[in-house]
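Got a structure for you, written out below as structure tokens; questions coming shortly.
Chain IDs A, B, C, D and E follow the sequence of writing; residue 1 opens each chain.
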Amino acid sequence: MDIATLVGVIVAFMLIGTAIILGGGSFVAFFDASSVMVVVGGSIAATLISFPLKNFLSVFGVAMKTLLYKLDSIPELVEEIVSLAETARRDGLLALESRLDDIENPFIVLGVQMAVDGTRPEVMEDILRTEIDAVATRHRDGKGLLDCMGRFAPAFGMIGTLMGLVIMLGDMSDPSKIGQGMAVALLTTLYGAIASNVVFLPCAEKLGFTNKQELLAMEIIVRGIMAIQSGENPRVIEQKLNTFIPPKHRTNNNAA
Amino acid sequence: MDIATLVGVIVAFMLIGTAIILGGGSFVAFFDASSVMVVVGGSIAATLISFPLKNFLSVFGVAMKTLLYKLDSIPELVEEIVSLAETARRDGLLALESRLDDIENPFIVLGVQMAVDGTRPEVMEDILRTEIDAVATRHRDGKGLLDCMGRFAPAFGMIGTLMGLVIMLGDMSDPSKIGQGMAVALLTTLYGAIASNVVFLPCAEKLGFTNKQELLAMEIIVRGIMAIQSGENPRVIEQKLNTFIPPKHRTNNNAA
Amino acid sequence: MDIATLVGVIVAFMLIGTAIILGGGSFVAFFDASSVMVVVGGSIAATLISFPLKNFLSVFGVAMKTLLYKLDSIPELVEEIVSLAETARRDGLLALESRLDDIENPFIVLGVQMAVDGTRPEVMEDILRTEIDAVATRHRDGKGLLDCMGRFAPAFGMIGTLMGLVIMLGDMSDPSKIGQGMAVALLTTLYGAIASNVVFLPCAEKLGFTNKQELLAMEIIVRGIMAIQSGENPRVIEQKLNTFIPPKHRTNNNAA
Amino acid sequence: MDIATLVGVIVAFMLIGTAIILGGGSFVAFFDASSVMVVVGGSIAATLISFPLKNFLSVFGVAMKTLLYKLDSIPELVEEIVSLAETARRDGLLALESRLDDIENPFIVLGVQMAVDGTRPEVMEDILRTEIDAVATRHRDGKGLLDCMGRFAPAFGMIGTLMGLVIMLGDMSDPSKIGQGMAVALLTTLYGAIASNVVFLPCAEKLGFTNKQELLAMEIIVRGIMAIQSGENPRVIEQKLNTFIPPKHRTNNNAA
Amino acid sequence: MDIATLVGVIVAFMLIGTAIILGGGSFVAFFDASSVMVVVGGSIAATLISFPLKNFLSVFGVAMKTLLYKLDSIPELVEEIVSLAETARRDGLLALESRLDDIENPFIVLGVQMAVDGTRPEVMEDILRTEIDAVATRHRDGKGLLDCMGRFAPAFGMIGTLMGLVIMLGDMSDPSKIGQGMAVALLTTLYGAIASNVVFLPCAEKLGFTNKQELLAMEIIVRGIMAIQSGENPRVIEQKLNTFIPPKHRTNNNAA
């Protein structure tokens, strides 16, 4: 995921840079501090008004983390849970404690820890599902924030361009400066369009995608942990969890 | 909340002011009473047509109040309800009357007062839920009104600009005035865009956010009050209400 | 309601007029019969294609009537129904006949008349609910028609402006006429924007609002009439209907 | 229906023609074969890509047929079904065969024919409902196609205008031709706007309207035919079907 | 399907080419490598950010395959399943193995193979339905990707045009080059509009259409295979599957 996001952003900016060079423009002419300020600052300010301060700060982190976060491969996840189930079946639930250090996914750790601690099943499922809801809410808020910035960026781009035009039109004594004034005015719209279409909207889109994948993984984990705790046969657990995966990706298609 | 809203609005206008200065414009050139009138007056007039008069007046207040209103922290809310439950458990329901003065949230006051008065549970829950519905409706109408103004402001901005262009085009005898006429015409569009993107739309967004939080708080209060009235154990009440909070924020995670 | 709608429309046009005077324009320059024709005529023609003729004629009336229609105050409505229930309880269902002349709301009249005639309850509720559905459909069609005109008006404004530009561009022999030709061309877009944002869209919005209120009133009436017919206690009826009203507006909050 | 559609289209084009004459333009200046080609041809080509070929051909027919199709009046429909029920009641189901030739609606013919043939009720209802689904799907596809063309027409209008501008800007050696080149370029946008707002979008809207009416009529027919087959009393059938009609339009309001 | 898609794309580009020739433009003036790069490259880069890399690669294939994929005719499909049912009825389930080579549809092959292998019915239906879900997800992702590109293409068209305008406005020393600079700038918007309206949006539309058809076919296959396995009468199977087809297209309407 991470790689595609980075590659996409770099490619997009390289394309824009190349197009400027091919078109005979200079990079200097494409930079205007005041326009950057209106678009970036304005979008952040509008988002600050739209979201409670606490959420504004936390969802930013969520958005970043989720974009950089490597998603679990679903088949590997099933394999890991089945392996935990085998340990629990062979050596008892308490034997899982020794394996806690090898598990990377903190959600599996939370579940296994509770199982080892002997937490009652209803309480355990309740806690795990509340955690899923909390993750879903954080992601939805994170996506909402990025969508918001994707809508505000072009709006502030237009606001900046209108301001530039008003300034330019107010002083047309030197006709040779009209073109340049207009160019600077247009830069703000350009910045808004780039910020929205290269950064905010695609990242919001990917966050939505990542969210669906992560919730599926968490659903599989909850089912797996609950089955391990109730001492089900590892083969039965595998078969159950495999129904989340299309046939060709299943770890061990023993369906018959 | 309050702070983020204020900070956002101030930052947005400071950014716009700075950009005008950096761009070499004068603030005088950016003020036109007639344009303000068309955008602000027009948006209010259109909203006046869109909503019944009574609602127009009341939802304005709701919007203001909700933007300035400090949301209860959910964990603190659970703590307060559990503390009330302990009092009721130890000294009986009537003992809650002495604590009424310390409670800030009027919805908890309403519930506790009814519990103290010996209102029947069905009637109590019915009244509390009708109140929740009334709050949800007021918020939805308030958000609808702000969304409405967010849509009308740019429309009246365009109407004002078209009017300015028609006036300017009708008298082009003095070419030196064309630029200025056009600048004034564009101001209305600028005002519409700023009003919509700095004030109306972000505030509508936050109202939606605040609404979700407040309804969650009210739901928790209803469950808590009903449990207190039926004399449930404070620990059980705490555990029930904690399911609304993700693990790491719980007041006392005694899950086992 | 009526008043807010009228006030809004008058204020909007006064604002536009004042802005023209302040801007130094003449009203004559802002009137163009041909542009009015394209925007108003075009919107009506497109709506005529969109809706069956019969509905086109009737929904127009519905839209007008609903905009001018004074909504029942819900608490007064509950009071009236409770008063009818008291009469029925004291003097029997037939005594309601003498009160029919005092009732303004035709839907209550319909219900009471059927109760007096001894119509069977199932048939009565069936007829009243069909009437509610019919009202809801008429309102939805009325709102749909206004929304439709609100979308078509700016489109025909643009069509008229494009036509004006083509005419102007086709004859540029006299440069002094270019400005005027362009001004006239822009008038059509201006008319479309005003028609849509001052008349059609706000009225559609209010119709939706009014509809929700009226359906709530009709729902309360159906419940009330059915309860009267089945001879329920007026106090019980009042308590039932009060659940539709938030506590502070209730006629008589005897909840305990 | 048919009439309103035709009247609307004719009125719209007459308005446009009158506006051209009033504006002092010539019709010749408003015709450009190349622009017609881009807008009409482009919209059809894009729709051809969007829909499977078979559906493209058939839904066109459906759209045409439904626009020209005269809708059954619901009260007349109820009357016809009740009259069939009376015949069946008096002379037996087989007597309906002699009335088949007088029935215009093919859906009633299908149902009556199956009833006469002694088709089992479950099979009959199954077949009739599958037919309703098929009609609903055809209409939805037809509306989707018109909506599609309504979206593509303005897009190809813009494409044509951009092409015209590129050609005009590429050869500005003769300044006197610039106006004319621009006028021709704008024609394509004008065509796209007219095609979309006078033809495609209003027709899509009406198709949706007609569809709802026709499905209601088919629903009434299914209920009526099934009741006739099961030998119900014509008066009971009338009362049942009347619940689909608001009181004031009922054929015979014998509710008591 | 395939043919309509190809015909549509070719017709659209021929129309555009003809319009250029009729308008007196040269093809050379309509080609600009830098603009192609910004629109196509930018859209791909933004999509790369929006979707996980793995999905980006696979859904592209899915989109292509589905556009070129010939849909099964539903009546032929029913005929094929009924014929398989007859074989199974006459010669036993194992006899189906000899017919596997003649079946083109891989989903039928999967189902028949499992039936021949003696897979338990619950497991079989489970596997087949997971496969349907996987296909639906792949198609929805494929449509989402095309919709995404259809939204990004015009945005990058505008970005390119703004860049071209800034370059042009920055160097207006030679007025004779202004027209040409503007023409090149507009090309990017033109490319974006064509890419979106001729390729991405219509293909997304068709993918949605194709998806609905294929899921219907898969649903019919699952029902058919399950019925074959449980040894139902071929005539009964035919009657059941025929309910998915409107009467006039049924293979053998033996309803009575």
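Everything that follows uses one rule, which is that a residue touches a chain if its C-beta (ideal position, glycine included) is under 8 Å from a C-beta of that chain, and two chains touch if they have at least 3 such contacts.
What you see is a predicted model, and the numbers here were worked out from it, not measured in a lab.
**Q** Can you list every chain that touches chain A and also touches chain D?
**A** Both chain A and chain D are touched by E, going by the contact rule given at the top.
**Q** Taking each chain's centre as the mean position of its Cα atoms, how many Å separate chain A from chain B?
**A** Roughly 27 Å, centre to centre.
**Q** Compute the distance, rounded to whole Å, between the mean C-alpha positions of chain C and chain E.
**A** One centre to the other, that is 44 Å.
**Q** Record each chain of the ring in the order reached, setting off from chain A and passing chain B first.
**A** Ring order, starting at chain A and heading to chain B first: A, B, C, D, E.
**Q** Where on chain A is chain B touching in the complex?
**A** 33-35, 37-38, 41-42, 44-53, 55-56, 110, 114, 117-120, 123-124, 126-127, 130-131, 133-134, 148, 152, 155-156, 158-160, 162-167, 169-172, 184
**Q** Quick one: which bits of chain B touch chain A in the complex? Just the residue numbers, please.
**A** Within the complex, chain B contacts chain A at residues 1, 3-5, 7-9, 11-12, 15-16, 18-20, 22-26, 29-30, 71, 179-180, 182-183, 186-187, 189-190, 193-194, 196-198, 201-203, 205-206, 209-210, 213, 243-247, 255-256.
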